[in-house]
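Shared chain: subunit A. Partners: subunit B in the first complex, subunit C in the second.
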Partner chain A sequence: MRIELENITKNFGNFRALDSVSITVQHGELLALLGPSGCGKTTLLRTIAGLEFPDSGVIRFDGVDVRELSARERNVGFVFQHYALFRHMTIFDNVAFGLKVRRGKERLSKKEIRERVMELLSLVQLANLETRYPHELSGGQRQRVALARALAVQPRVLLLDEPFGALDAQVRKELRRWLRRLHDEIHITSVFVTHDQEEALEVADRVAILNKGKVEQIGTPDEVYRHPKTAFVLQFMGNVNLFHGRLEGVKGLGYVRPHEIEIDAIQKFPTDFAATVEEVHPLGRFTRVTLLDDKTGQLVEAEISYETGKALGLTAGMKVYYRVQNVQTFDGDYVI
Partner chain B sequence: MLVVILPLGTLLAKGFASGWQEFSHHAFSPRVLSSLKLSFSTAAAAALFSMPAGFAIAWVLARYDFFGKRLLDTLIDLPFALPTAVAGIALTAICAENGVVGSLFARLGIRIAYTPLGITVALIFIGLPFVVRSLQPVLEDFEQEVEEAALSLGASRWQTIWYVVLPSVLPALFSGTIMAFSRALGEYGSVIFIAGNIPFKTEVAPLIIATKLEQHDVAGATAVATLVLTASFTLLILLNYLQERQKKG
Partner chain C sequence: MMSNPRNRYLQDPLWLRLFFLGFTIVIVFLLFVLPLAEIFSQAFRKGVEFYFEALRDPVTLASVRLTLLAAAFAVPLNLIFGIAAAYAIAKFNFRGKSILVALIDLPFAVSPVISGLIFVLLFGLQGLFGPTLQSAGLKIIFAVPGIILATIFVTFPFIARELIPLMEEQGKSEEEAALLLGASPFRMFWHVTLPNIRWGLLYGVILCNARAMGEFGAVSVVSGHIRGETTTLPLHVEILYNEYNFTAAFAVASLLALLALVTLVVKTLIELHTHLASRRVM
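Let's turn to the complex of A and B:
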């Protein structure tokens, strides 16, 4: 299903949570809403679900205006950060809930419900746990139950609010890869909220970056990472060093990612900057080096390969030179 | 522990001091049995009324903001704070045939004061706060998201309350109701005025105990007290079990 959001604005008292947001989610796509806390991403997701109603703007599902429809009538699947499972029900009853509350013609027989639930439980790889209760399951398992429960009603769209936010790092990585594979299998239009840029880049087809209730940029993970349209996006997508008009051909602010800085023991070019090593942190594959620019006293963060760092014999207090390989500006064009 | 066990133990010892024969003679006399029947039935009726009514009040207090909410919240505690005799006299005045409420019901041919119905009204008055106060925090803690999940899965408001909210707060609801019931069972002050205390009709068990004591019939009083105590104690154990369950969730 295709979701169109047009100029959605939402206020909570004096606070503007969403400021004229327009996004289109394509049929079958997995879109990430990415941004810092308080940027409005969860409010936007809840607005799509019908758990929150915008002050102005239009929401269309496949071209049909759904503004007047409640969460109950929109037929969306919603997955909450803290699972929101029914704790007095077994896993089976949790997943079956959406089917059991149906009345009239839409109601399935007991046998049909059982078949559907078991099918879903095997889809989320929890087929043998149907008689357990939520508190007997791990966090990752609970979130998969929540997902199966949401999918049981065959929603037109799946909405996930920081679905991996409450899980530890290892489970989180596994689960997001699994979600990506699941989406490739069932192709349901999905929107998920996250504050973790790595997660958004890894899982989503497209990423919408929100800041202070506004959309900063929408694009594929590659687009938003390599070609950020605004300084906010650039800074949000990873660490960055700021240079104030010191780089050749750059008038205003220049943004340089740590891995775009090269360190050398000797000066090779006249434009190289002299610096003193402040800190050296080997972080596995690469080494993070904090430099203190001799002339400006500015701290510069660089990421170089572990081997290079070792070859240079970097230690705190050492005098080195660094050069910038790539710089991005938002006043003019790229300069290489 | 000693503070609890010592008087209870003494009571039991006294009750059976002169043997089972003597005990059963006092405890199972027709007048005592009729008062016990009355006490249990009115306490049960009051508790059964307080259960849904208390849920509704606790729900409103936990969920909605409205004008006068603070006042209502404070009023709930009134029966806890009010001397029971004051409550009894006030209720009698209201429910008597010339009282505000009593006159309305009198027109319908229903008498409240000096009937089992009047006793039940008094017991609701003192028992309702127990239900409200044990439910309210549990309802306030109940995750909004769980209700939203039910809603997004297509459940109606009533289905959500019935299948999702209610089962989760059931232990608290039961423990509140049991507290209301056991308190009602032993209630004296607020009941004796509205009851009228007609033997075999509106005479409650705690009154029998008090009367027997006034007549220096200690053995008789302890015998009746033992019965009421046994009932309360059984309920207390049940209550404990339910509270454990609510904690475990």
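Let's turn to the complex of A and C:
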């Protein structure tokens, strides 16, 4: 299903949570809503679900205006941040709930419900846990139950609010790969909210970056990472160093990522900057080096390969030279 | 405890612990256990036969019926009201929420005598609605309706107070999940909200019932003390006592004491259950 959001605006009292947001989610696409906390991403997701109603703007599902439809009538699957499993029901009853509350023609027989629930539980790899209660499951398992419950009613769209937020790092990584594979299998139009740019880049087909209730940029993970349209997107997608008009050909602010800085023991080019090593942090396959620019006193963060760092023999207090390999500005276009 | 020498510096000295414990036990014994035992010993002073005879007295039976009637109105009404108020306060955002919460607590803050007087001022002969009620032939003050109203008023906060923090803690996402899965608001309430609050609700009902049956002050003001007609159990105890009919007074009082003991046991069982449940959840 295709979701069109057009100029959605939502206020909570004096606080503008969404400021004329327009996004189109294509059929079968997995879109990430990425942004810092308070940027409006969860409000936008809840607006699509019908849990919040916008003050102005239009929401269309496959071209049909759904503004008048309640959450019940929109047929969306929703996975809550803390799963919101029914705590007094077994895993089976949780997944079956949406099927059991159906009325009239749509109602399935007990046998059909059982088949469908067991099918879903095996899809999320929890087939043997149907008699357990939510509190007996681990975070990752609860997550998958929540997903199975949302999928049980065959929703037209799947919405996930910080689906991996409450999990530890290892489970997170596994689950997001699993979600990506699951999406490739069932191809349901999906929107998920996250504040973790790595997660958005890894899982999503496209990423929409929100800031203060506005869309900063929408694009494929590669586009938003390599070609950020605004300074906010650039800064949000990873660490960055700011240079104030000191780089050749750059007027005003220049943004340089840590891995775009090269460190050398000797000056190779006249444009190289002299600096003193402040701190050296080996972080696995790369080493993070904090430099103090000798001329401006500015701190510059660089990420170099572990091998390079070792070969240079970097230690705190050492005199070095650094050069910038790539710089981005938002006053004009690309430089270098 | 003493095996780890570092622990000794972190603990209060033995004499202090013994003093606090002993002091508490003495106070509890003097103020609660001793009087309770005394009620039963006084009640049975003239023998078991006299005890049951005192309870079979028609006026006593009438007061038991009236007490049960008042509770039968107050508890279900406050149950509905308590759930509605707690749901609104815990799950919706609206202006004046804190004022509403404060108002719900009002019966706790006001002396029961004042609570009774409010109804006299409203429905008494000289009261605001007095003349209207009189011309309609309705009697509220010094009659059963007044007793029921006063009982409802003083037991108003019990269930709501119990449910508000519970519902606030649970949040509304389970309800939202139920709606998104296609449940009607009624089914959502019946299958999700109610099962989640059932123990808190039971706890509130037990306390509400105990207060409804035991209320003295507010009911005393609106009752008029017409024997066998407008006297509840606590009022009946007072009347018997004032007539120097001590054994009968204590026999009737023992019923209220039994109610208190049953309430205490049920309350403890519920607390034990929720404690175990909360340990399981996290």
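Criterion: the second predicted complex is superposed on the first by the 336 of 336 C-alpha atoms of A that agree within 3 Å, B and C clash if a C-alpha of one lies under 4 Å from a C-alpha of the other, contacts with A are read in each partner's own complex, and residues count from 1 in each chain.
Basically, a contact is a pair of C-beta atoms (placed from the backbone, for glycine too) under 8 Å apart; a residue touches a chain by one contact, two chains touch by 3 or more.
The structure presented is a predicted model; accordingly, all values stated were derived computationally and were not measured.
Chemist: Do subunit B and subunit C fit side by side on subunit A in the superposed arrangement, or is it a clash?
Modeler: Pair status: clash.
Chemist: Quick check on the superposed pair: does A:221 touch subunit B, subunit C, both, or neither? Answer first, second, both or neither.
Modeler: neither
Chemist: Looking at the overlay, does A:88 come into contact with subunit B only (first), subunit C only (second), both, or neither?
Modeler: Touch partners of A:88: subunit B and subunit C.
Chemist: Which partner does A:309 contact after superposing on A: first (subunit B), second (subunit C), both, neither?
Modeler: Once the two structures are laid over each other on A, A:309 reaches no partner at all.
Chemist: Is A:35 contacted by the first partner subunit B, the second partner subunit C, both or neither?
Modeler: Touch status of A:35: no partner.
Chemist: Can you list the residues of subunit A that meet both subunit B and subunit C?
Modeler: 49-51, 70-72, 74-78, 80, 82, 84-88, 97-98, 101-102, 135, 149-150, 152-153
Chemist: Could you pull out which subunit B residues touch subunit A in their complex?
Modeler: These residues of subunit B touch subunit A: 143, 145-146, 148-156, 159, 163-164, 167-168, 249.
Chemist: Please output the residues of subunit A touching subunit C within their complex, sorted ascending.
Modeler: The contact residues of subunit A facing subunit C are 49-51, 70-72, 74-78, 80, 82, 84-88, 97-98, 101-102, 135, 149-150, 152-153.
Chemist: Which bits of subunit C are touching subunit A when the two form their complex?
Modeler: Interface residues on subunit C, with respect to subunit A: 173-174, 176-184, 187, 191-192, 195-196, 280-282.
Chemist: Where on subunit A does subunit B make contact in their complex?
Modeler: Result: residues 49-51, 70-72, 74-78, 80, 82, 84-89, 97-98, 101-102, 135, 146, 149-150, 152-153 of subunit A touch subunit B.
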